[in-house]
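First subunit A sits with subunit B, and in the next complex the same chain sits with subunit C.
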Partner chain A sequence: MSKPKIGIFGLTSCAGDQLAILNCEDELLDIVGAVDIKSFIMAQSELKAVQDQMEDSRFDLALVEGAVVTDEDEKMLKKIRDNTKLLIAIGTCAAWGGIPASRNDLEREELYQIVYGRREDLFGCHKPRPLRDFVQVDFSLLGCPIEKEEILRAFSSLLHEDVPVLPTFPVCFECKLNENLCIFKEKDDLCHGSVTLAGCGARCPSHGVPCRGCRGPVDEANIPSVYHLMKEKGYPVADVERALRTFTYNAEIPQ
Partner chain B sequence: MGHSELTGELIPRHLNVRVIAKDNLETFLGGLREFGEVFGPVEKERGAYIYAQLTDVKNVVQDAQRTVLPPKKYLYPQKEELFRFSTQEGYRKPESVDKGRKILFGVHPCDIHGLSILDKVFAGRYHEPRYFDRRDNLIIIGMNCLPDERCFCYSMGTDWVEKGFDLFLTELEDSYFVKIGTSCGEDLVHAQAELFRPVTDEDIQLYKERVNERNKMFVNRVELANLPQILELEYESEVWEELGRKCLSCGACSAVCPTCYCYEVYDVLDLNVETGSRIRRWDACLFKDFAKVAGGHNFREERSTRVKHRFYHKQVTFVEEFGRPSCVGCGRCVTQCPAGINLIDVFKEIRGEKVVHKSAR
Partner chain C sequence: MMSRTIEVEHLARVEGHGKILVEIANGRASNVQLKLVEGPRFFEGLVLGRRAEEVPVLMSRICAICSAGHKLTSIMAIEKALEVQVSRQTELLRELLHHGMYIESHGLHLYFLALPDYLGFTGAVELAPKYPEEVKRGLGIKKLGNTIQGMIGGRPINPENAIVGGFGKVPNSEQLENLREYLERLLPDAEQTVLAFAGLKYNDFAAGPAIFYALRPEGPEYGYFGQTIVSSLGEKIPVEEYRQICNEEVVLHSTAKQSRKDGNSFMVGCLARMNLLADRLTPRAKNLLQKIGWMVPSHNPLHNNLARSIELVYSFERCLAVIDELLANGVSQEPVDVMPRRAGRGVAATEVPRGTLFHEYELDQEGRVVRANVVTPTALNQANIEKDIAGCVSHVADKNDEEIERYLEMIARAYDPCISCATHLVEVKHR
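== the complex of A and B ==
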């Protein structure tokens, strides 16, 4: 069996997810042994335009980081999709818009004004949107950034022509496995663990910091109940909603 | 004064009770390391107690409230590798698991009952050898705790233990009344006999007072008589829908429950796709995927049916199978549910006016 051809790409993002892959230091050699990485700009010393690399290969698997913000992003994403059998969104930006989309409630001009003091469009930006608004996404690895454990599991499962079995339940469960005090319950912290997808090992509450929902909403997130509970704790709905949308502006948030 | 009491040794006294001064307890715990690793409740952060290894016995909290996770984590860990497999060799049955002896100090009566319930489950139709490998090496030193407003063990009949411990301590004034439950417990005492003294009439008097005082402290009374029947009558109650709207499907209640035992099994392959591990981790019936089967059918798609399931399994179907509810009234789920769902209130509501009205009509 020939090794599957893989491409790792980044759209508009902080490159944290690509870095997370590079940070699999102990396993990098195993990864390279198992798959044929055809394109990974971040890890290449010799820079060749991504476009050219795509001309050369068709990919079995493309991992795409980042939100779609510019016309170039969109063009590149569609090109990647045309050249790959499977497309995986890596990171919450790719899956939900992430931090770049967190102020999608404001018009771009307004944001330019706030950030640069001029209302004009300097970069040709649109409101950041997740990959699935443009192309078919076969699978998502969540997180800001993604978890090493899940990257490895995704690779090995896909090599086995299977999809990885990853948690589908909320962060709270992992929080209890770690035996943390519930800071939402006991300290009235604005913790979003109950509506956020687990897989990070409840990293933040395990350090006494509320979960900000960086892994995106869990399927069946019970937002109305959370709103109700937060209201009881004295938080204005607007604050709760802002917090909920920090990483996932594009998620549907029922009232 | 103490000396004259020591003459109590001459009077025939129950041999299975002793007294240890509080000042001697840490020494005793330190000495137990001869028998195995010693674990007990420590304060992880303010107000959160957990069982942890007592590398320093000074960290033990003798009067700790309920721990976040119950002792089940030592018998049935949150996540573990069951075996390794390879395309070349198939799979090998693993050597039995960490058989090292563990001594668990400070186990409350409800948790001792919790363990005996897990014993029944794992010894049932499908005997679980890993559990019993560990169980056979677990020494239990119980502690007669004082209830808070979330405990309802009294109602569940789990506020008291007659067995299931090697030693069981009840606080007197500046000492503990020690009941010896097994010959192993006797060995533990014998090994450091100098730390214990025989009981005196005064101790017994004090002990009885303590037990009576404790009995009066249980403020939560949940009427359990015919609860299974009432639950069955209330199967369609609006209460379940209401709980379904509130519940966050987070599974915290199952994770912390001393008698919840459901697990998920899956394989993790290595990158060579030749070898891998079979993993087992705790699962919870509150999760949306829990009752999802091949073809995508889900037996409990609606959240309300999942919350309801947890109640009915604990209080109805478990009773049918094992003769008692699997809830031991430890109050952990009440403490941890981020949505504030309180089992005691639910039972009260289910038993409430509505039920009386119906039967009155």
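== the complex of A and C ==
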């Protein structure tokens, strides 16, 4: 069997999910040996642009980081989709828009004015949106950044022609397993563990720091109940809403 | 001679999306543009209205490689605004986290982004079969940096354990002792890195007079935290007055703003720090600097790689000293006080791997952000990279396009540009 051809791409992002792959230091050489990495612009210099490479290489698997912000992002994403069998969104920006989308209630021109001090569209950019608004996404690895263990397990499953199994329960579940003090109950802090998808091993609450929801909402998250509890604790509704939208503006957030 | 245009369409082995455009006429560069084309994310707009303690959560996402730097600098700026003091233990743990970032970032840059250029490969994947020892050494150093960031910060990227006022959870003495042993074990690899990079040939096609800026620690040591900016012009500027050096201007070809001082470009980063502060280095780093016979100050941007390798050893030495101090004092879980809700303004600067980083926040009575400004090293360096590219072109204009492209990429890469960082990190005027 020939090695699967893989492309790793970044749209508008901090490159954190690509870096998370490079951070698999112990496994990196094995990964490189098991798959044929056709494009990884962060780690390789190719003589021609990514677009040119895609003309003559079709991918079995494309990992795409980042949100769609510019026209170029959209073009590149569609090109990747046309040239790959499987497309995986890596990271919360690709899956939900991430932090860059957290003020999608504002027009870009307003943000330009805030940041540049004048109202002018200089570069043709749009509100950050997740990949699935533009193309079919086969599945997503969540997190800001993605978790090393999840990447490695996903690679391993795919190499065995299987579909990766991802968690379907909230961070609270993992937090209880770690026997942590409940930050939400005991410290009255805005912890999002109850409505956030698990898979990080409850990283932040295990450090005594509230979950900020970086992995996006868990299926069937009971958000109205979070609003209710937070209100009881005296948080203004606007704060709760803003906090819930930190990473996932594009998710539905019923009050 | 005919005029021609050279374009490096996708600057590779850097963080983010960048392009270089050069127009050459009569053997000289008539137009040079380093285009940072990463889509804008407006971080300074995103934090407006947020409670102060949320700010570092968002700001560390500006860039993954220096997420710890953005995290710590935003924390320190918020603490200044709120007049929050932290313990010596917190200061030491922060320094350790910061060095974890340096070890990872410098290791990644030297072995995987820079080395392929000097040995004639397109990337580390291609390098691995021919230079397995170097690649493994690089991976080992990088992993150590991530281990430190994971232990102190809670994870290697976006270290959420670092918060305004201190840390969520502190490591225990056994963890620190193990880390100490790990550092001792890899110290020879860090020293070997200096010798390996001293053995490479650094073309001087981009060397030209430059102005250097760096943050200077208050004490007599080399370091990455301080309250004063110093320059090769002999200036001393308090960090609160950082706008003196970054009167940024919008340029149409880039989504990052450029900085010039009195119309001149300038350099920040490893080479600037080494040029200004080398006499303050730790003993092993200083000895190695002498041993390889590299004379500082140097005006060759490619020498950033030598400076980077020396700084790698410096970080190892500091980590060991910091751990010794922590162990001698005994580490304890310190409670973090509830943040005061009050108005204030705070500016903090740190030296991050690519140069000086500034964060500034203004808070209202409820402790919410009303104004934010971030100036990153790549934004500061952008004009100087263009200057060096123009200088290089006049030396090598007789070469073919492909070769010139390779040189230009090497120059840009030597600055280790972090394009996500630089993009749209400009002044916020929102009242």
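The criterion applied here is as follows: the second predicted complex is superposed on the first by the 251 of 255 C-alpha atoms of A that agree within 3 Å, B and C clash if a C-alpha of one lies under 4 Å from a C-alpha of the other, contacts with A are read in each partner's own complex, and residues count from 1 in each chain.
Heads up, the rule we're going with is that a contact is a pair of C-beta atoms (placed from the backbone, for glycine too) under 8 Å apart; a residue touches a chain by one contact, two chains touch by 3 or more.
Keep in mind that this is a model prediction, so the values were computed, not measured.
S.K.: Following the overlay on subunit A, give me a clash-or-fit verdict for subunit B and subunit C.
M.R.: Subunit B/subunit C on subunit A - fit side by side.
S.K.: Looking at A:73, would you say it contacts subunit B, subunit C, both, or neither? Reply first, second, both or neither.
M.R.: second
S.K.: Is A:14 in contact with subunit B, with subunit C, with both, or with neither (first, second, both, neither)?
M.R.: Touch status of A:14: second partner only.
S.K.: So, A:102: does it touch subunit B (first), subunit C (second), both, or neither?
M.R.: In the superposition, A:102 contacts subunit C only.
S.K.: A:208 contacts which: subunit B (first), subunit C (second), both, neither?
M.R.: both
S.K.: By the touch definition at the top of the document, which applies to A:219: first (subunit B), second (subunit C), both, or neither?
M.R.: In the superposition, A:219 contacts subunit B only.
S.K.: Which of the two, subunit B or subunit C, is in touch with more residues of subunit A?
M.R.: Between subunit B and subunit C, C touches the greater number of residues in subunit A.
S.K.: Note down the smallest distance between any C-alpha of subunit B and any C-alpha of subunit C in the overlay, whole angstrom.
M.R.: Distance of closest C-alpha approach: 9 Å.
S.K.: Following superposition on chain A, which residues of subunit A contact subunit B and also contact subunit C?
M.R.: Correct list for subunit A: 208.
S.K.: List the residues on subunit B that touch subunit A in their complex, please.
M.R.: Residues 44-48, 50, 67-69, 78-79, 245-252, 255-256, 266, 268-273, 276, 282, 284, 287-289, 303, 336-340 of subunit B touch subunit A in their complex.
S.K.: Which of the residues in subunit A come into contact with subunit C in the complex?
M.R.: 10-20, 22-23, 25-26, 28-29, 32, 37, 40-50, 67, 69-70, 72-73, 98-100, 102-103, 106, 111-112, 114-117, 122-123, 125, 128, 144-145, 203-204, 206-209, 212, 214, 239, 242-243, 246
S.K.: Would you tell me which residues of subunit A are touching subunit B in their complex?
M.R.: Interface residues on subunit A, with respect to subunit B: 27, 30-31, 33-34, 152-153, 155-157, 159-160, 165, 168-170, 172-173, 175-177, 179-182, 184-186, 191, 193-195, 208, 218-220, 222, 224-226, 228-229.
S.K.: In the complex of these two chains, what residues of subunit C are touching subunit A?
M.R.: Those in contact with subunit A are residues 9-10, 12-13, 15-17, 37-46, 48-51, 54, 57-58, 61-65, 67, 108, 112-113, 116, 122-126, 128, 135-136, 139-140, 142-143, 146, 154-158, 160-161, 163, 167-169, 250, 252, 255, 402, 409, 420, 424, 426-430.
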